[in-house]
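Across the two complexes that follow, subunit A remains constant while its partner is subunit B and subsequently subunit C.
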Partner chain A sequence: MKKLSWFNLTTLTLGFAFLYIPMIVLIVYSFNGGRLVTVWAGFSTKWYGTLFHNEAFLDAAWVTIRVAVATATLATILGTLAGYVLVRGGRFWGRTLFSGMAYAPLVMPDVILGLSLLLLFKVMFGSMGMTTIILAHTTFAMCYVSVVVSSRLLSFDKSLEEAASDLGATPFDTFMSVTLPIIFPAVLSGWLLAFTLSLDDLVIASFVTGPGATTLPIKIYSAVRLGVSPEINALSTIMIGIVTVGVLTASLINKRKVVQRLKDEKTAN
Partner chain B sequence: MAQSPRPSSSPTNVFAPWNDPNAKPLIQFKNVTKRFGDFTAVDDLTIDIYEREFFALLGPSGCGKTTLMRMLAGFESPTEGSILLGGQDIVPVPPNKRPVNMMFQSYALFPHLTVWDNIAFGLRRDGLGKDAINDRVKEMLRLTRLDKFAKRKPHQISGGQRQRVALARSLAKAPKLLLLDEPLGALDKKLRNETQFELMDIQEKTGTTFVIVTHDQEEAMTVASRVAVMDHGKMVQVDTPAGIYEAPNSVYVADFIGDVNLIEGNAKVDGNTVSIHFAEGAAPITAVCERPIADGQRVSYAIRPEKISVNREPLDDRANHVKGKIEDIGYLGNVSTYHVRLPSGELVSALMTNSRRLARRDFTWEDEVWLSWTDTAGVVLTE
Partner chain C sequence: MNLRRLIVIGIPFTWLLLFFLVPFAIVIKISLSDPAIAIPPYSPTLELSGGWAGLKAFFSQLDFENFTFLTLDPLYYTAYLSSLKIATISTLLTLGVAFPMAYGMARAPEEWRATLMMLVILPFWTSFLIRVYSWMGILGKEGFLNMILLWLGIIDEPLTILNTNTAVYIGIVYTYLPFMILPIYSTLEKLDLSLIEAAEDLGCTRTSAFWLVTVPLSVPGVVAGCFLVFIPALGEFVIPSLLGGSDTLMIGKVLWEEFFSNRDWPVASAVAVILLAILIIPIILFQRNQQKQLEGDQ
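Coming up: the complex of A and B.
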């Protein structure tokens, strides 16, 4: 491997420091033995212990996980279908408009998205709860999934689908038995992406939340307003861990597939 | 009357439905045009293909062969015209409802399925029983000699093996019409010959109609009942292999199929005999011509190298003799090609069997020789 020049090394270090020092500070202080957040009082894991006895936090965590799983699943189904239609649908009427609109929530400010969803749900359901959070999260997570899936489909050899239909498979059968198995890594990483997006979200969730549907980010945010406690640090550390694992797995799934394919091709020739 | 050992060789039993006005074609292209944007890939094409035919499409790259196949399989629909299968318009029928299977030029094997599952894919969609599927897949594996690779994925086998999987997969369903887009290009000569005979055998047994694209003329000549030569989306000539080879209808076809000497000259017509004056001071070429030709018309005379005999003396029983000098000899083992320069400047190739060993060969470079051929050996072409 090439040795980095000192200039590159400095830039790299500064960049990573900028990105990760805040998180490292948070993680370190989550193991602080004292009650005061800014004074180091020896290593301890006691805040993790109290965290697991805090009913309010545990409830919020349970809500968050259910929301994230439901969101990820819904967004993956809808996003995959949207991506498929956009890439494979040919030039149907209004295609350009549809594809532009499918990606709009990606660049829409969260506040505006949250507000508009709040108004819609007020009109439709009257009251808010977990369902509305799931629907709201699905709305924006779905765009990310469809971006991931459609970029995979663009490099997908269309003649495979033609071969399947030539051999008697209906369009749905073709999708299930040929297209989906081949693009599955992309679909899976779409799911993980949607899962972490839902886990992370504070702004949209706080607009459309209701009684009994407090997610962790909302809970943390409101707790922090009363002062940062070491418990919150511990909780945040756990969330960082979950998100890191999710994102890493998603990218590893894709990468391993590519590496595997390259290896296979080498042995085939 | 004595029983003929090979029924197909007796004139009444010759397989030639295209000459039978009562025969119903299996496939009919009626004025089919296919455009991609403003590019015309298939141009006002009309053709009938009959049941049990082995129909070969020949033509340079990009002339529209694959496009024609894709319209038959249902992946493209014609911009104009209609396509009938068994008398029914199939343009609105989706690919999965057509009794047609295609072997793709790019193979299009399913990368996530094993060789076995690739071959079984179509059979499963037919709702066959498990045993029936197993038997059929095994039969296909044996036919294509892939028994040992059944459990492998497509990326774990060689290019030639992949081609055979694609072939097996398209054969498995025993369709009414089989489209093969360059099915044997990646195989070595021996395996290719064997597979060609397998294909002809399958066709004999199942009565399937084959449409095959190939770049290998020898292959087209071996397997095809009829050969179609295409150029720029049009059929230039459709005929039996012998017809295409011996009686090409244009310079394009003569030049495209096999080797040919083309000599241009002015025609002088006398009944059905034509004299072609091709050079000042040279004796004209005498040829028998069935097609009507105007006196004084500019024509091309096409003659295959193997129809010309190379000798020390002119052969008296042939109508045409020219003297020339050997410029080059191409030795190919069983035959040799002699490139002979005529005094008028033309370079003519002649093919002779090497009936003697090399050391005792008659001619060498710079030898003066006589070229002789009959008046029916070549054809007179006007376009």
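Coming up: the complex of A and C.
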């Protein structure tokens, strides 16, 4: 493979600088001792200290995590079913409508989803809270899970399923002992995707929230509307840190698996 | 059709019908209602106890008054037009930044690609709100960018970027960049390099081989990327709200304010119905494009 030309190297460097500099600046300033965001007043971790004593933020974080876990789990079950129906479902009444509904939330603006779900919940339940946020988040997150799962289903060898049913397995057994283990990595990344989507959502949650169900993004949004604050910088740094560690670990595990597979193939030969 | 199949199809189908399609029907209904000082703040409400006559009375009370209102007040149609303009320009800008990056990634040595790919995906997993917020500290009057430029002596007075449309463009390009890079990269990576060699052997210069071979073959990825940026950018709320100024008119922001500040549910619903009507064409085109690519891959 030939080396990268200077032109490609420059665009890549500039592009990644654009992607990463804002986050790096934010992380650096979270360790600033002063209240003024731009004047460097020495290294300090005091904003992390005040953050951990801020009850409102801690409560919001706890609500957000519970919502995200419930959403991810529900969305993974529904999204896996939806992905399976899209790829293996064959023909049924309303198929076009179904695939349209399974894709549309991916590109639908949040304000429309939020408003429409709020109006539904007002008719259905009257009051809002954590449950309504979970239901709303599940609805759009399951579509992402369905895309991830269906692309995995499309790429795997269908004859494995056919072999299982030829050998007398019921469709349910085939799904549990052949299909599910093969698509499991996709199901898992679907869960993680749904979890982060729920963690991240401000607009939909703002519409369908109720008393006692303030999520972290709602809290952050109301704080940053007034301007940059060192406490939010500290909170953001923690969130970026968690995501980075998570993504790096996942990709390392993945890499080790690939290396292991290559080794296995070599010894097999 | 056996029972098991019915259940497997029925569960996700019912969920989407109930939480995706029915809500839209309600939005359309409320957009035709009148605002009222009541809970819920609109009238008429559907009373099934009234029977057929009640239903008839209910429908006769619906009208297009809110939509007429939207066409009369210039705020709304300027907001739609300005959203379309901002979404179009920022989609093109994103394409301009993303294409060279995707091209560079596809031409990078194979052992680098996984790492570069991860560097693109990592911001996508990070909170959207935080990424938008990070620009507030950079673009502000006393922000990082002004500080650097003043220190370098390039400017004498701090520039006003935050709370202008420029900041909105930067914010959209920044947050949606991965959505544009990934589909373009996946078409460029699959591109058979021998095609370019063949073009060059047949007398093409490097530049014309790029325009005649690489660019046309990357069209599916470019189209998918443009839809993935344009559609959500049109209804964007967070970016204009945090980075834009008071003169930044975007329809997502108008809808939000109509609902949360003015508490006018019928007008907010009418705004949503028209936004949806504008979006339905790009959404259908996008799905066609995806379907075609899926069929091409199989």
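Just so it is clear, the second predicted complex is superposed on the first by the 238 of 269 C-alpha atoms of A that agree within 3 Å, B and C clash if a C-alpha of one lies under 4 Å from a C-alpha of the other, contacts with A are read in each partner's own complex, and residues count from 1 in each chain.
Here is the rule we use: a residue touches a chain if its C-beta (ideal position, glycine included) is under 8 Å from a C-beta of that chain, and two chains touch if they have at least 3 such contacts.
Fair warning: this is a prediction, and the values are worked out from it, not measured in the lab.
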Give one of first, second, both or neither to describe whether A:Ala163 is in contact with subunit B, with subunit C, with both, or with none.
first
Winner on subunit A touched-residue count between subunit B and subunit C: chain C
Return first, second, both or neither, reflecting whether A:Tyr103 touches subunit B, subunit C, both chains, or no partner chain. second
Does subunit B (first) or subunit C (second) touch A:Pro181, or do both, or does neither?
-> first
Shared subunit A footprint, subunit B vs subunit C, residue numbers 171
Residue set of subunit A touching subunit C in the complex reads 1, 3-5, 8-9, 11-12, 15-16, 18-23, 25-26, 29, 36-38, 78-79, 81-82, 84-85, 89, 92, 94, 98, 100-105, 107-112, 115-117, 119-120, 122-123, 135-136, 138-139, 142, 146, 154, 171-172, 196, 199-200, 202-203, 206-207, 217, 220-221, 224-225, 227-228, 232-233, 236, 239-240, 243-244, 246-247, 251, 255
Within the complex, subunit B is touched by subunit A residues 157, 159-160, 162-171, 173, 177-178, 181-182, 261, 264-265, 267-268
Per the touch rule above, subunit B residues touching subunit A in the complex are 73-75, 94-96, 100-102, 104, 106, 108-112, 121-122, 125-126, 153, 155-158, 169, 173
So, in the complex, the side of subunit C touching subunit A is made of residues 1, 4, 8-9, 11-13, 15-17, 19-24, 26-27, 30, 40, 97, 100-101, 103-105, 107-110, 114, 116, 118-123, 125-131, 133-138, 140, 142-144, 147, 174, 177, 227-228, 231-232, 234-238, 241-242, 252, 255-256, 259-260, 265, 268-269, 272, 275-276, 279, 283, 286-287, 290, 294, 297-298
